[in-house]
Amino acid sequence: MTKHDWRWVAGLALLAALAGCARRRQPTERFDASSVDVLRTAFGSAVKGPAGPKAAIPDPDGWATLKGTFKLVGQPPARKPLDVNRDHSVCAPGGKPVLGEDLVIDTATNGIKDVAIYLIGPHPKFPVGDSKWEHESYGKTAGDELLFDQKQCVFLTHLLAIRSSQKVRVTNSDPVGHNTNINGIGGAKSESITVPEHGYSMYQPGGQSPRPFKVICNIHPWMGAMMLVRDSPFFAVSKADGSFEIPNLPSGVELEFQVFQEAAKNYKELTVNGKAATWEQGKFKIKLPKDQTETLNVEIKSAAFGA
Amino acid sequence: MNVRFASLALLAAALAVGCGPPKVSFVRYTTVAHKIAQDQMGQPEFSSEQWRDIDLTMAMLFGTPDNPEIPALEGGEVGQMMSLSRLKMAAGPVGSDEQGNPRGLYREHCAHCHGITGDGAGPTAVFLNPYPRDYRLGLFKFKSTPDKLRPTHEDLKKTVLEGIPGTAMPSFKLLPDVEVEALVDYVKYLSLRGEVERELLMRTSQLTEGRLMTVVAKAPASGEKAAGKAATPEEAAQQAQLDAVREAVKDIAGRWKSAKSAEVPARPEMDEQKLAASVARGRDLFYGTIANCIKCHGDSALGDGVTNDYEDWVKDLYDPSKEPKAAREYLARGMLPPRNARPRNLRLGVFRGGHRPLDIYWRLTNGIAGTPMPKVLMKPEGDPNAKGLVPSDVWDLVNYVQSLAYEPINNPLAAASEAENLRITP
Amino acid sequence: MGRFWSILFLMVPVFGVGVFVWAMADWWPMRGHWLPENINAHGGVIDSLFLFILILTGVIFVITSLALFWFLWKYDAAKNAQPVTFTHGSHTLEVVWSILPAATLVFIAIYQMDAWADAKMRRPTLPSGELKPPLAEITGRQFEWRIRYAGPDGKIHTPDDIELGNDLHVPVHEEIVLSIKSQDVLHSFFLPNLRVKQDVVPGMKQYVWFQPNKTGVYDIVCAELCGWGHYKMRGRLTVEPRAKFEVWLAEQAKAQDQSEYPPKAPGAGTANTTAGAAAGLQGTVAAAP
Amino acid sequence: MSAISLPAPGAHEAHGDHSGHTMSVGEFVNTYVFSRDHKIIGLQFLFSTLLWFLVGGLLALGIRWQLAWPWSNMPVIGRMLFSAEGGQISPEFYTTLFTMHATVMIFFVIIPILAGAFGNYLIPLMIGADDMAFPTLNMLSYWFMWPAFLLIGISFLWPPYGAGAGWTSYPPLSAVPEAAPGSAFAQTLWLLGVTCVGVSSMLGSVNYMTTIIQMRAPGMTMFRLPLTIWAMFITAILQAFALPVLTAAGFMQLMDRLLGTGFFLPEGLVVNNGLAASGGGQPLLWQHLFWFYSHPAVYIMILPAMGMVSDIISCFARKPIFGYKPMVYSISGIAGLGFIVWGHHMFMSGMNPLLGMTFMVSTMMIALPSAVKVFNWLGTVWGGKIQFTTPMLFALAFVSMFIIGGLSGIFMAATPVDIFIHDTYFIVAHFHYVLFAGTAMAVMGAIYFWFPKMFGRMMDENLGKIHFFLTFIFLNGTFYTMHILGAVGFPRRLADPYDYETFRHLLPMNQFMSICAILMVASQVIFAYNFIRSMFLGTPVGRNPWGANSLEWFAPSPPGHGNFDKQPIVYRGPYEYGSPEVDTDNYPQWQPPPADPKRRYKPEH
């Protein structure tokens, strides 16, 4: 056949393409329909009794302490100034720039502030009040009321970690009204409430959150903080020098911890006590010897913060 | 010559087969999937195996747009939420069954805005302001329950019946009650479905092996089950997977079950002067720092206070004010171009959540879920010198807000702009 | 073939008239394919005018069409032997068939002026001779009809107004005046059963009036393109006896005054609102602009 | 370059040296693309408009689909257009469908095919000129259509696939970009496109007027012009006077949309929570300006058809047109009155009801000349020798259908009745009887009639008759029933009228109409096949296959460049069929009168 015929075919193809047959489709299910029915029947008729052999969790043999520091290796990324666009007199007196707090490095020690480290295993749901797992020292603080203050349009606690049984007293030490918008996730309840000048409101999380969540103020959109709510009392937030300590942890069993830092992209390139390590999704497992104090000196490369 | 005819035939075939009426199916929750994949797994997308698991599980739980299913939990949590017969009435293509009962109500009345999947992204959606609700978050603005709690059946029904004044959501008051019920149930169904998909995505990202449905056992012959003989390891593994899913569906369904309207104390009866006084008090509260309304609604209640904020479902994905470029990757995945959340202009007298005093009281004391609108601080019990409002204060605010629309200053041109068309009278 | 084609053109008047007769006779399958029931005391004249014009034009249609058929049949070249009539026209004929239609058309025009004036110009008046104030104000917006009744104080545009969507109730056997306006784009307030239609234009206040003489539920249609949801602007008009109407209005007043949850037991403390609404309604009738 | 190796049609008749060698690209472009020859331009118009006719027809089928099977998946093309919602037509796409259907049919088909295609092709031939007065202007008048084609064609590419405020594009709906999906970018394209169409018609009309006044052949007095030419002449005048108003209005709306002026937007308008409009304007102003053009445009869309029908009927009745001068006067009368009746589109618009009365009278009056024309056509058929050729059948169909279309107009003219049937399917039936059953039938007839002149070959008569029969049946099945719907008050432009109790029971009727519509469009395939096939394989014909009188048949078929090989001299009017002066039943305008004075024909009076 001749060149001319090819042009004709090509033309038709183009036409078809224009007509839209070549348009990208939304992806749809890719699996065999039969397995759906199988699963549906199985789902409907749950096997009563023990569904297969569950790996029993051994009990701890006593108590131990986990402490350590988080430090930054390399050039700390500069803190970005925030866009203060109202109530300047209160929020930025003298027009001084307000800097973001998602990553605060202590210039002296290179310590990383506001790194949360909290227990997530072995129990998927922590046995609250189980004396084998929860040291009695924690009993006293179970119902405590914690302070969450804001001054000059800055949340004074940038990352607040609490137990789901505890209460938070959200106070406002500014002469302007704020609204505290707590975007709870998981069991932790969300609540957005106006906090009048020098007034306060109470927040009761109710349940635990799988990971820290945002607390913002819609009236002053640049304000931001985070909150972490756990059933277990085993969590800590690193201080300005990057140090943290979790006392009275159950010992002799493999515990799993989760590490979280707001600005961290990943936890792949770490050195833990001098040895290179990788914590996938910030998780790591550790077994603490009885009545010992285990130290974790963690160094995170500034690359992990996209610097 | 015959090449031409051949290619013509080819094109015809392509048209008939390739471009025939499409198979209607739920679309994936691509935006959130991208977000989760990035945050939790540090990769742009879920793998196709992970997606296969999710799709499979979703199909197992909720069926298809043409043939919906209710997740079968022993507790029947979901069964109490919605009835399958009503769902079938709302689902499927438009038409009617043998008995002449309507079918496909959702696609007749809702889908072109809210989308087949209830993602609030139907073909008409992009032209509307505000955008239609995306059911998949389980967040609804105008309801009687506080904070971000789920709405009650009545809340959703009211919205369907009355529509949402000031938006493109029309009233379906003129539909038969059974059809409205069907639609409300279907909205819940889509909402639940979306929440579950979101949850499954999150769980998948958390799983160490990253797979949700690794084993699919063969269907056990009814005889074996009856014999009650122990489950094979394969079945056991499968049950373990399903337990996880069950748990997820359970507590999401639980949120819907626990939805309960907030109580509202009766508004004090008032005569003219009392009302005037109450309005005056309300005005002070409006400008005061306890209720702090002016901050967002502006010094003259025209809704011009904070106008550069966004709603939560945008901020969940990315922060438009900080990283506007991130919009591209979500727009590519079906997000509608984000718009600012604008505080209501209270002088129009249009109340989207209803203009009954009750509704406005609820807006004030419950906040508006997903938006910057917070709830007012009620005076905590047992602390006399703490700041906060008492119900009568809230009623003052309600009265003031209701009176705003009628302040003569609103429309100085009312007379001029409504020149009556000339009429001759005998 | 000439015969065949002539017959084809004969079919035009045959079917043309047939279809209309069929529809008017309400025979299957064209049940209800005719003017919907008229429940407006002033609407009859429109129907009769419609029929009058229908008959008039029908006659002309039949005559001309038959003439066409007959000429085709008779002067078919294949069948017709005698030579063509070589004429360039006839002055008299031209004059005749100019004058006749002209006269008829002018007559039709003049004949209708009164009906038009009644429908669009002569707004009903109170016994006092003043213009009758509107019972309700109807605002078209994308895509619904917002309906405002005066509340207890009897004035529209006060905080106690009764505001509803798409649900208009009017008392039967009364001159009803409605004020209609638009909030955004053009709409058209169309009541098929009342033979009422008026475009609503933003920035322009207009009135429609009618006297329903039959209770029942009827459609409110939007008859001017107003956007993608044009077809969704369906309203409901309920015509009911005065007493029922006032009860209904009182209920609405109460319902939209709800300020307690869970709601009080029915009956308690609703008397004042009921009375108020009823009184307010009297007010609307009494008050004059 | 196989296409290029075609010999220029007619060129070899004018100067045969061309026919041998295949022409260079440059020559090809000059001859067929940017040609100044009125015949080529006419054919260019004809082909473009026929293609758009197809598009418009498909859009109409989209509308009919939704009305007959609301919200159900559209077969075959459903997925291409709206896979988003599973093959359903979305409501905003429905508004686009009827808007673009009207726009395409009116601005891209009817107006250009009458004035552009036939006006261009016939005027010089019928008045015995060798070309238009301003050939370059003429070429521009075609090439100004292309910006319009492109602008409006582009708007088909993105949702909602075109403008959606109706072809009347009433503000505020059209002027506020947020008001309707189609009112965003697409509406701007629409306004620009329509402006380009306006420019094109303006160029054409100036050219036609000059040509007809200046370039008639010797002996061709004004009252010896064929009625086609008279109609074209009056149409040109109408266009020249009415168009500027539309163009101005279009620009005002553009400014309202783009520059924030407030010609058509009243105070304090907030639509779809968009930005508040500038305000201070009046929506009715647009309607007045728009209809001041668009009502005369209705006659621009029917007068040339009337002219061509007169020629065809007279030719195949083999008998002089009945009342030539009254015909001319009534055309002029329609044109004159056409300028003072626009208000009858606005009886319900909120315009002062007093104006309604005056417009009612003038509107009633405009029915008069139309009546006169109908009677004259009947008079022409009476006492003739009727040849039932395809063109004749279409012409007769025009008369028969125009009677219906004309009479149904009286209902709308009667203001009280209009209260009920305004914006219902009654008006849809009315203008489809005038424009489709009327003009489109006439155009079909004209194509069959002048095809031999255009291409030197006959179209197949049998296929033509089948095409006519099917079209005639199905068009009545589609449009006549619309009167009945209108009587029930069935409104136009509703994506789902069955929401309303009042109209729910009309669904079966609509399905019947839609089936007829689909078949009607399908039967045009016969026409397309016949047209294309006959262009190459039809039986070749001489200069005057129909034995007609007017001058174009004096030229070769197809006429070469410069039209006439001999200078035509005109001795009489174009309708002297069956004259006693000659023995043949036709008596062409160019044929000298018999030498013998006794044979001369003396009119009675």
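We just call them A, B, C and D in the order they show up, numbering each chain from 1.
By definition in this document, a residue touches a chain if its C-beta (ideal position, glycine included) is under 8 Å from a C-beta of that chain, and two chains touch if they have at least 3 such contacts.
Quick caveat: nothing in here was measured; it's all calculated off a predicted structure.
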### Task
Averaging each chain's C-alpha atoms to get its centre, pick out the one most distant from subunit C.
A
### Task
Select the chain whose centre, defined as the mean of its C-alpha atoms, is least distant from the mean of all protein C-alpha atoms.
B
#### Entry: Averaged-CA centre spacing for the pair subunit D and subunit A, given as whole angstrom
70
### Task
List the centre-to-centre spacing of subunit A and subunit C in whole Å, with centres computed as mean CA coordinates.
64
### Query
So, what's the distance in Å between the C-alpha centres of subunit B and subunit A?
26
### Task
Let me have the rounded angstrom distance from the C-alpha centre of subunit C over to the C-alpha centre of subunit D, please.
33
### Message
Residues of subunit C that contact two or more other chains, please.
### Response
117, 121, 142, 203-204, 206, 228-229, 232, 234
#### Entry: Contacts with two or more other chains, residues of subunit A listed in rising order
19-21, 25
### Message
Counting only residues that touch at least two other chains, what does the list for subunit D look like?
### Response
77, 79-80, 83, 90-92, 160, 180-181, 266-268, 272, 350, 353-354, 496
### Summary
Counting only contacts in the complex, subunit A reaches subunit B at residues 1, 5, 8-9, 12, 15-16, 19-21, 25-31, 35-47, 51-53, 83, 85-86, 176-177, 179-181, 183-184, 189-202, 210, 218-219, 221, 265-266, 280-281
### Message
Help me check something: in the complex, which residues belonging to subunit B touch subunit A?
### Response
3-4, 7-8, 10-11, 14-15, 18-19, 22-23, 25, 27-28, 40-42, 48, 51-52, 55-57, 59-61, 69, 71-72, 74, 147-148, 202, 206, 208, 213, 216-219, 225, 231, 233, 235-240, 242-243, 245-246, 288-292, 295-296, 306, 308-309, 312, 321, 367, 372-377, 380, 386-388
### subunit D to subunit B touching residues, read off their complex
70-80, 82-88, 90-93, 159-160, 178, 180-181, 184, 266-268, 272-274, 279, 350, 352-354, 496
### Message
If we count contacts the way the header does, which residues on subunit B are in touch with subunit D in the complex?
### Response
15-16, 19-22, 24, 65, 93-95, 104, 107-108, 111-112, 115-116, 122-124, 126-130, 166-168, 411, 413, 416-417, 421-424
### Task
In the complex, go through subunit C and note every residue touching subunit D.
1-2, 5, 8-9, 12, 15-16, 19-20, 23, 29-36, 45-46, 49-50, 53-54, 57, 60-61, 64-65, 67-68, 71-72, 75-77, 80, 83-91, 93-94, 97-98, 101-102, 105-106, 108-109, 112-113, 115-117, 119-121, 142, 183-186, 188, 190, 192-193, 195-204, 206, 218-219, 221-232, 234
